[in-house]
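Supplied in structure tokens, the structure appears directly below.
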Amino acid sequence: MAFRLESLDDLPFFENKLERNGCRVERVGGADKYELGEAIRFTAPSEHRVELYYDMTIVGNGLPTTNPPPYPDGLLGIHPPRMDHTLLTTPDTPASLHFWQEVMGFRLTEQVVTPEGAPLAIWLERTRTPHDLAFIPGKPGGLHHFAFWLDSWEAIGRSADVLARAGVQIDTGPTRHGITRGHTIYFFDSSGNRNEVFTGGYWADPRMTPITWTADEMWMGIFYWDRCEKGAFISNYT
Amino acid sequence: MAFRLESLDDLPFFENKLERNGCRVERVGGADKYELGEAIRFTAPSEHRVELYYDMTIVGNGLPTTNPPPYPDGLLGIHPPRMDHTLLTTPDTPASLHFWQEVMGFRLTEQVVTPEGAPLAIWLERTRTPHDLAFIPGKPGGLHHFAFWLDSWEAIGRSADVLARAGVQIDTGPTRHGITRGHTIYFFDSSGNRNEVFTGGYWADPRMTPITWTADEMWMGIFYWDRCEKGAFISNYT
Amino acid sequence: MAFRLESLDDLPFFENKLERNGCRVERVGGADKYELGEAIRFTAPSEHRVELYYDMTIVGNGLPTTNPPPYPDGLLGIHPPRMDHTLLTTPDTPASLHFWQEVMGFRLTEQVVTPEGAPLAIWLERTRTPHDLAFIPGKPGGLHHFAFWLDSWEAIGRSADVLARAGVQIDTGPTRHGITRGHTIYFFDSSGNRNEVFTGGYWADPRMTPITWTADEMWMGIFYWDRCEKGAFISNYT
Amino acid sequence: MAFRLESLDDLPFFENKLERNGCRVERVGGADKYELGEAIRFTAPSEHRVELYYDMTIVGNGLPTTNPPPYPDGLLGIHPPRMDHTLLTTPDTPASLHFWQEVMGFRLTEQVVTPEGAPLAIWLERTRTPHDLAFIPGKPGGLHHFAFWLDSWEAIGRSADVLARAGVQIDTGPTRHGITRGHTIYFFDSSGNRNEVFTGGYWADPRMTPITWTADEMWMGIFYWDRCEKGAFISNYT
């Protein structure tokens, strides 16, 4: 997992901050790494490997930068315009919340809390979306899914057609999350990884009060329409 | 269940035809029945009670018939513009197919067949839709669901919001049928009856070759996206 | 313009009826005509040539009739699933209304009337749609447009993208008709004919009271959103 | 027009930077101003009055912050979830580009350029949208429109229904911009101000190469579908 920094000065800033917080930081990228500029790599408390970089070759989106049409020609299949977010697993959600808020500067948008009020699952952002990164309870270094953005609920429906036609196993959906309010399908790719196509959600005001879901109502948060009867998203952890 | 006849002459026509086919036909409606003109009533082979009428008071749709806006004011909830179809159960699908095609003049649009080629489930129309009436195997006189028409996949999504918000139990969906190609949600009303909201499908050419689903692939026909892993629609009968 | 008959018996029925109403009827089709069965041809009062046939080779829609997916593979461009209706011009709307209702058995769904109440523009159906055929004032034998069906408002928006990208001149839209309540784009093909892509509208109950638009409010009927400021649809005729 | 700062330290930072760039800056807000914390006010080169603030009372969106449903109850009319952007006029686009990029730290996403390559119209962002602020040629201190966000193309269509039903004059649309790729309706409110409802567009990567529209093709940029034949957006200025 890699994040882009806003300026080159952020590279030594995060290098120092991470080391002060007990992370071993490694310099990677630069002249000897294809397409990647100077970068740092470290392991987050949840045991996920993270890279921070400022520069990377921009490959474009297939459109010219002068008088472009609104979409590239010859699009096939689901053709999401971009990646949206990642949901990871951690055995220690409070530690990940502390790390990503205090050290990495992310903002908490939503959380599921235990009856005692401790964070059980967390959604975090840096780009005004409801989540760029999220954690649910689980094994260290685990991946629940990564998500591709689609532009509409109709595109979610069409991608279900594409998946079914290609014989891809749909895990859940089309449905809607209460958390993030987004519309979604989960499905498994040929490597066995869970993928998501996602749309909707809201513009996250950096000053918003984080939304809290209590353990007894969190099913509504996970899948708003069917209240999780289709799956058992976090059920193993509570 | 009641169907409207195209002309008053159809009343004695069907009266005779039904009696020749062994149905006991009763005259109902007329002067002494509120809002219903002269009509006949009989019991179909599947033990469902059916009425045929020509005249019934038209109550309108809330819009004026001069210079109307395209929708009534103050619509609330799901607000489907009309009913679409009914799915009934029968222990003898071939008998129902024979009756509704040969006696009642419906056209077969789609069917699930047994490995021997006998009709197991049937979809029938009189109004160019993929189905006005359908039968699946089950107890005599049984109702699987009746369906309300919605105008778009987005309206299907909004109705899932309305149902969830009202605490209504969603049975299946939003999803898509392979059979009829329509988009759908099944849910239970407060009487315990299954209802459907439905959109899409196709214009049924009266000359179309009926579409046949074989028993091994019928799951794709029932729910195209998830191939019936969410439910067990006909599974008890095969 | 050609219409299909429900049974072969309708061929002599309409042949006689048309001749009694002063139309010269010609037998066409049959063994010597490729793909077309026995048919009749006549000229309607509006000077449009019309054919009625019972049989024509069915070419299918690219899908198998056993276990079909819900749409053919490799669809390109706008790919409408079917034709929907035609709008013709006539110098004598009342004559066309009489002919298509009384002789041909169409039902009137909507009409624009003059201040004196005479029909100025008419919409007619035989298949429960808001219109299979319509007439506006204009030269005899004239074509205003023919329309292709699309399945959704999102498909209307995508077809605007396809048209613009291909350099096709859009005449009007995307917009919405008050008459028929459908969503629409008018555009010109390379022959200079106006085409329409159309969706929505309503299911026309054969018993519905025809909707009447008065001359002073008919702009709302033609284009509901912009009240005809984009075009001058019927303005030359009133 | 007011923008929120990311931290309280940004207040003296911008105060100094603006004064060094020749703007007279005034302190406003704070204890004596209802609901607004400490803030600064200045006049931009385009003669628009701008405020920068860090703190303002948050009034919420009608939803609880614990276990909220995805939308408030009883929504009426168009009900946009938030404002999106503003389009202003300036007699000196290059000066506004310099000011908002160099002094205010906005990023240029798209521009219309003169045949000589000078910026004629500019689109700028700070929050990953295709535009938070834009300028076209015109009188100093002028407003072209401000825009409300909607969640889908279907919501754009529904808002056209709401506007038409309420007798509101639609200026242009529903249509699509080539610039920003968003879907849109322009309409006039009862004060005579132009408003927009807007959806779509793209996620603006802070490193994206700004998109350039040449004067001869800018019509495609302004309204992609109809290439500006409906209006004359910038035509007075070129």
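The chains carry the letters A, B, C and D, assigned in the order they are written, with residues numbered from 1 in each.
Keep in mind that, in the parts below, contacts are C-beta pairs under 8 Å (C-beta built on N, C-alpha and C of every residue); 3 or more make two chains touch, one makes a residue touch a chain.
These numbers were taken from a predicted model, which means no experiment stands behind them.
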(message) Applying the document's contact definition, name the chain pair with more C-beta pairs in contact, C-D or B-D.
(response) C-D
(message) What's the farthest chain from subunit C if centres are computed as the mean of the Cα atoms?
(response) A
(message) With centres defined as the mean C-alpha position, give me the subunit B-subunit C separation in Å.
(response) 28
(message) Just the number, please: Cα centre separation of subunit B and subunit D in whole Å.
(response) 49
(message) Taking the mean of the CA coordinates per chain, how far is subunit C from subunit D in Å?
(response) 43
(request) Could you list which residues of subunit A touch at least two other chains? (result) 69-71, 152-154, 161, 176, 220, 224
(request) State the interface residues of subunit D toward subunit A in the complex, per the touch definition above. (result) 4, 6, 58, 65-71, 81-82, 127-128, 149, 151-154, 176, 178, 181, 200, 202-203, 206-214, 217, 220-221, 224
(message) Give the list of subunit A residues in touch with subunit C in this complex.
(response) 69-71, 73, 152, 154, 161, 165
(request) Please give the residue numbers of subunit C that touch subunit D in the complex, ascending. (result) 153-154, 157, 160-161, 163-164, 170, 174-176, 183, 220, 224-227, 230
